[in-house]
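Take a look at the structures below.
Next come two complexes built around subunit A: one with subunit B, the other with subunit C.
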Partner chain A sequence: MTKKLSTNILDKLSIDYLRNQVLKNAYGNLDTVIAKRDPRVLLIWYLFFGLVPWFVDDLYFLMACFVLVLVTTYLAKITALVLFVFAIGVFSQSGYLFIVSLFFGGDVNTLIPLLILTLKVSTCSLASITVFSGLDPDRLANGLMWFNFPERLSFSISYAYRMLPLLMSEFQNVLLSFRMRGKAPSSEGFKGKVQYLIYQVKMIMQSFYPLMLNVAKRSRTTVEALEIRGYRNAATSKEVRKLKLADLQFTYDDALFIALSILWITAILLIKR
Partner chain B sequence: MNIIEAENLSYRYPASDKAILDGLTLTIEKGDFLAIVGNNGCGKSTFCKTLNGLIPHFITGEFKGSVKINGHDTKTMTVSELAHMVGYVYQDFDNQIVRPTVLDDASYACLNYAYSDYLSRGKEALKLCGLQNKEKDYVFELSGGQTHLLALAGALALNPEVLILDEPIAQLDPGHADLIYGILKELNEVHGKTIIVIEHHSEYIAEYCHHVVLLKDGKCAFKLPTKEALNHVEELKEANIFVPQVTRVAYALKSRGYNWDRQLPISRDEGLEYFKGMDFWPNEKPASFKRGEVIVDFDHVILGYRTMSKKRHVVFKDLNLKIYEGDRLAIIGSNGAGKTSLLKMLVGLSKPLSGSLKIMGKDTSAYKPQDFAEYVSLVMQNPEQMFIADSIASDIAFAMKARNISDYEEKTAELLEAFELTALQNRDGRLLSGGQMRRASLAIGVALNPEILLLDEPTANLDMATRKEIMDTLSRMQDIIKTAVIATHDMQLVAEWANRIVVLHDGEVIADGDRDSIFADQRVIEEIGIRPPAVFDLAKELKADNRIYTVEEFVKQARV
Partner chain C sequence: MENTQTQANQSQKLMIFVLSMALYGLATLFTELIPSFQVGIVELSVEFFLFIPLTLAMLFDPLSAALGAATGEVVFSEIMLGQFGGLGELEKFLTVTIGVYVAGRMVKDPRNMKQVAVAAITGTALQLAMGMIVDICKVEFAIEEFEAVAGLPESVYFTEGFAFLNDLLFSGILFCLLPTMFLVPRLYGKIEPLLGMEPRTEKTYLGDINFKTVIVLIVGFALALVSQMAAESGMTLIEWEFAWAESFESIIFGIFAAAVLAVVALLVLRRKQNKVSE
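Our next item is the complex of A and B:
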């Protein structure tokens, strides 16, 4: 059973799985409540839930925010991998702090401030996850453009997502070469496991150099193609900007989304009084 | 009317001290379908980049002479203006696609040039390329052929009068190659576009192009109507262009006095007329070979994977295949038939869902990829992916070093010598030429002296000279490697190299035999769309029981 479980986890962590998760995250959930929102609305929404919690210490308010972003994260159908990374991140943050505080004579009372910190961290992270992985990269880029972020930033976001699958399959191939031609140490026993892990990490690091060279070789064509296809023209043209932003629409549902968020937070604050 | 006029054009790249174009003068008429041929490094791509203004506007360097498009000098125009007149599809077309979905990419240029109807322009271009029902698809879900069509649509969207395609079919199977050329033909004939292809597949040149331009040392050696051009057999051969097989046969027989006063045929139909009434010596008996032990055994293998939408895609429903020692096995079938999946299983990259795969009699279900490496070695289609060290010498040594083989230094030196790489041993593989890269990848593949060597499309993407070089290397390797499997679309390679052919279709083995039985099987030929070598068809038309696969065999068997 344990063997099965461990191979299962190893299977899951293959590059194929990563690639699928990343793609699914970017393009797999286009019909969720979150993905359909006007990106401008979400960005303003994010400005609040990504910033304000840092400056407020009120437990009720933080709880309310936390529950709300929990719901939006659920609605955005975020992929398991992102949530997993999030969980590890938050846990290691406060878990580590808790142990440190115990060393310096803290006790269960330290839990309350730690809880507040954890809530702050998780609320902001979940809000980011909702906005940045719940939206499809192009809509996000257009939203940023509306707020006058430079065109280069919005192009980079959507181009990065276009490149990701490519980068991943290139990485997969290079890694495959290492796996076929290298020889991993046996993973028997604790020492073996450590050596195996070190070997894997080393392999991933060594893959980096051929990966970058291969991608660099490819990008020569991309740079020329972008020039022909008018990328530079678009970066400075006001009309292109107008065309790109034409399909941003503030709808009744967007208003509802904002209204519900405000209502929820005020309700909680009122109850507390 | 001339749409392109290049006069005394010279160009030198900034980092080079030799001019790549050196006084080139050439005119191209509106509505032409033109092939540009020439050696590697003769300036074909460079010339094409002067037409869309990338040179001199984007890539600097020393530019002399003039290029006029529709009477306008490219020096006085911007790249944007030229983009509306000249569309360009790169050889590595994957990299010119920059948007995530199909319609997005097709309309990208129109959006960038601020056409408010950019979406309908993109749709129009997709329709011309037969991609109208793929609009919402993601670009990474397309097949190679579809990706190429998308790149073409992206270039067409601005409605340019001239279309340039750099080696359009190098990476495609014959079915997709026909599709691309069919679309180009329509664009040329129905929509009046001027088409320029850089091409070395002379069979396609003969079938589709009106004119051929030969570039040599940065100059235009000739521009002639296709038939006349392909009659310059020797001159083209010097430039590493092999004329169609039928032309080569006629040329070889001419030296024996056959039809000495006639123009050489360039197509099958012309060939039938030209060789009418020819008599042949009987076929030679195929060389018999002894079948050895079973090395690989696929027993009721099922293989499938999940796609992004969580649907399960089944590649093999029930695969049964044995590979024997001494097999030179060619696996053929259209794209998506399961060729690559089969190779992947043999190196442990994917595992059967059920059924068993035995290698050298041992079950492989608990193997890791490195365990497969003891017996099986894979040479990937794209050699760049095999270069993981900083020089080819250390790449070749890599696997031996990892396995503590004591005399790996000697063995590396031997391999470098055998594959003629000694002089290049300290270079990074990526910086070598196409042929050198392939040779290096083959040397890496045989380094561990595997029982069985797998090659994925070893001749794809190569010009004819390099292709010949690799063919020679492959036949020399028969002394080192007893058993080899090649997955390929290249029927000339299959006919000349393989002693056994397996045909895959939708994940099933639908035929298994030698070249005589496979190429004579009308059902297989038609169902899978395999195209036997041109010379095979021709010989069979001339005399039904002819089994001739190469130009040399034809010349030998012809009774003249």
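Our next item is the complex of A and C:
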């Protein structure tokens, strides 16, 4: 039973699966309500819901924020993998802390502040999932650029989304060729399992040797291509920036998005009184 | 001629940045997705691919490699997966940068294994220790009356201290020290020509870590801490405003009324616009 379960999970975690999920997350849902919003509006929206819950201890306010980001996460059609990682992260953080605090004389009373902490953590991370996963990477990069974030950051985001599939398949190829040439130890019994794990980890470490050389070549090509097109000049030029940001538009729908968020939060605060 | 050898030029720095970003980003993306192994209570987190930027920082310009790695982590594993934690990421960014940079500066000659080993473990320990301090502060802020909750402060100190030692002894040695010692001598002299550079020797390295560097590093760490401490000052600011504004309720009601009006007005405007465009 456990064996079946573990192979099942390992199947899910193949590199192909990861690649598909990441790509789907980045480019798969460009027509959702969230993806169509102006990136500047979403970033400001995130600034509120990513920061304010940390400083407020009012349970109604926190619940209101949580429900709102839950709705926006649903609207953004986030892929299962990202939500799974989110759930694991939240649970492991608070659950672990709770179990350990039991050893030090904590009781159910410890649970309440921990629940508030969990609520805060999940609100902030769902807000970030909505904004950073829901938005098309190019629009996100443009939005960051508009707020005068360093040019390197926008460049890195655009570069990452385009290069990641390539890098992943290259890594996979190197791993596979290692596997073909080597003989894996049998994973029978506890000793065998440990040996197998060590073998796997060692293989991953070693495969970074050819990978580093390959990526070094690739990054040289990239930078040379960038230089030919005058990247370093474009990065500082005001006109280029203007041209790049020309397609950002603030629409009625964006204003509506903000107004509805404010309406929801203030309504909850009023009901409470 | 000598000038071009001693220091990487601008586009070479960009190459190092891109190289370090792509590799470390890819690696952290995997660790973010793969659940950590659990052997008893000892958590074997494979979250440690720090050997990649460490290796690169020892072979190339340390600052570019360090910044590239930190950016790669934020962009690939945080932003792409939507795990971006806002202000908290600044802390991670700075601690990774400082740890990797210090390790890179410590190595005079990458062929000297002792130097490489000491630098690798120092950089890792530095990064982990800074992360631990900041983490403790973070929990203290998030929970009001932290000290009053039974068993919580001790458990936080315990888990954080335990995680630090565990990470340093397990992940630090297994995933930082050994791979770095494996990779640096093998890549030395092979990877540099690919970026059109001379391998680092005693003559071409940046010089010992001096007083000025230490000051800059401390300021960087202080900044990382402050980005978390901003919590407290932000909190008192809000409280102060609440006390001052006695009619808090009426203000909320005002905002609520304004939001209702705005929604109605926007819906009307939107319908009008759609009619015109049809």
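To be clear about the criterion, the second predicted complex is superposed on the first by the 256 of 273 C-alpha atoms of A that agree within 3 Å, B and C clash if a C-alpha of one lies under 4 Å from a C-alpha of the other, contacts with A are read in each partner's own complex, and residues count from 1 in each chain.
Basically, contacts are C-beta pairs under 8 Å (C-beta built on N, C-alpha and C of every residue); 3 or more make two chains touch, one makes a residue touch a chain.
These numbers come from a predicted model, not from an experiment.
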Inset, instruction - Using the superposition on subunit A, decide if subunit B and subunit C clash or fit. - result: fit
Inset, instruction - Pick one for A:T110: touches subunit B only (first), subunit C only (second), both, or neither. - result: second
Inset, instruction - Considering only touches as defined above, state whether A:D253 meets subunit B (first), subunit C (second), both or neither. - result: second
Inset, instruction - Considering only touches as defined above, state whether A:F171 meets subunit B (first), subunit C (second), both or neither. - result: second
Inset, instruction - Have a look at where A:A160 lands relative to subunit B and subunit C in the superposition and call it first, second, both or neither. - result: second
Inset, instruction - Tell me which partner A:D58 touches in the superposition: subunit B (first), subunit C (second), both or neither. - result: neither
Inset, instruction - Check whether subunit B or subunit C contacts more residues of subunit A in the superposed model. - result: C
Inset, instruction - Would you sort A:E188 into first (subunit B), second (subunit C), both or neither based on which partner it touches? - result: neither
Inset, instruction - Once the structures are superposed on A, label A:K244 by its partner contacts, choosing first (subunit B), second (subunit C), both or neither. - result: first
Legend entry - subunit B versus subunit C - smallest C-alpha distance in the overlay, whole Å: 6
Legend entry - Residues of subunit A contacting subunit B in one complex and subunit C in the other: 26, 137, 159, 161, 206, 209, 213, 217-220, 222, 224, 226-227
Inset, instruction - Please give the residue numbers of subunit A that touch subunit B in the complex, ascending. - result: 16, 20, 23-24, 26-28, 137-138, 158-159, 161-162, 165-166, 170, 173-174, 176-184, 206-207, 209-210, 213-214, 217-222, 224-231, 233-234, 237, 239-240, 243-244
Legend entry - Sites on subunit B touched by subunit A in the complex: 49, 52, 54, 58-59, 79-80, 83, 88, 90, 92, 94-100, 104, 108-109, 111-114, 116, 118, 138-140, 154, 305-306, 308-309, 347, 349, 368-370, 372-373, 377-378, 380, 382, 384-388, 390, 398-399, 402-403, 428, 430, 444, 448
Inset, instruction - Note which residues of subunit A are touching subunit C in the complex, please. - result: 13, 18, 22, 25-26, 46-47, 50-51, 54-57, 78, 81-82, 85-86, 88-89, 96-97, 100-107, 109-110, 113-114, 116-117, 120, 124-125, 128-134, 137, 140, 152-153, 156-157, 159-161, 163-164, 167-168, 171, 197, 201, 205-206, 208-209, 211-213, 215-220, 222-224, 226-227, 232, 252-253, 255-256, 259-260, 262-263, 266-267, 269-270, 273
Legend entry - In the complex with subunit A, residue positions of subunit C that touch it: 10-11, 14-19, 21-23, 25-27, 29-30, 32-35, 37, 46, 51-52, 55-56, 71-72, 75-76, 78-87, 139, 141-144, 149-152, 154-156, 158-159, 174-175, 178-179, 182-183, 186-187, 190-191, 194-196, 231, 234-235, 238, 249, 252-253, 255-256, 259-260, 262-263, 266-267, 269-270, 273
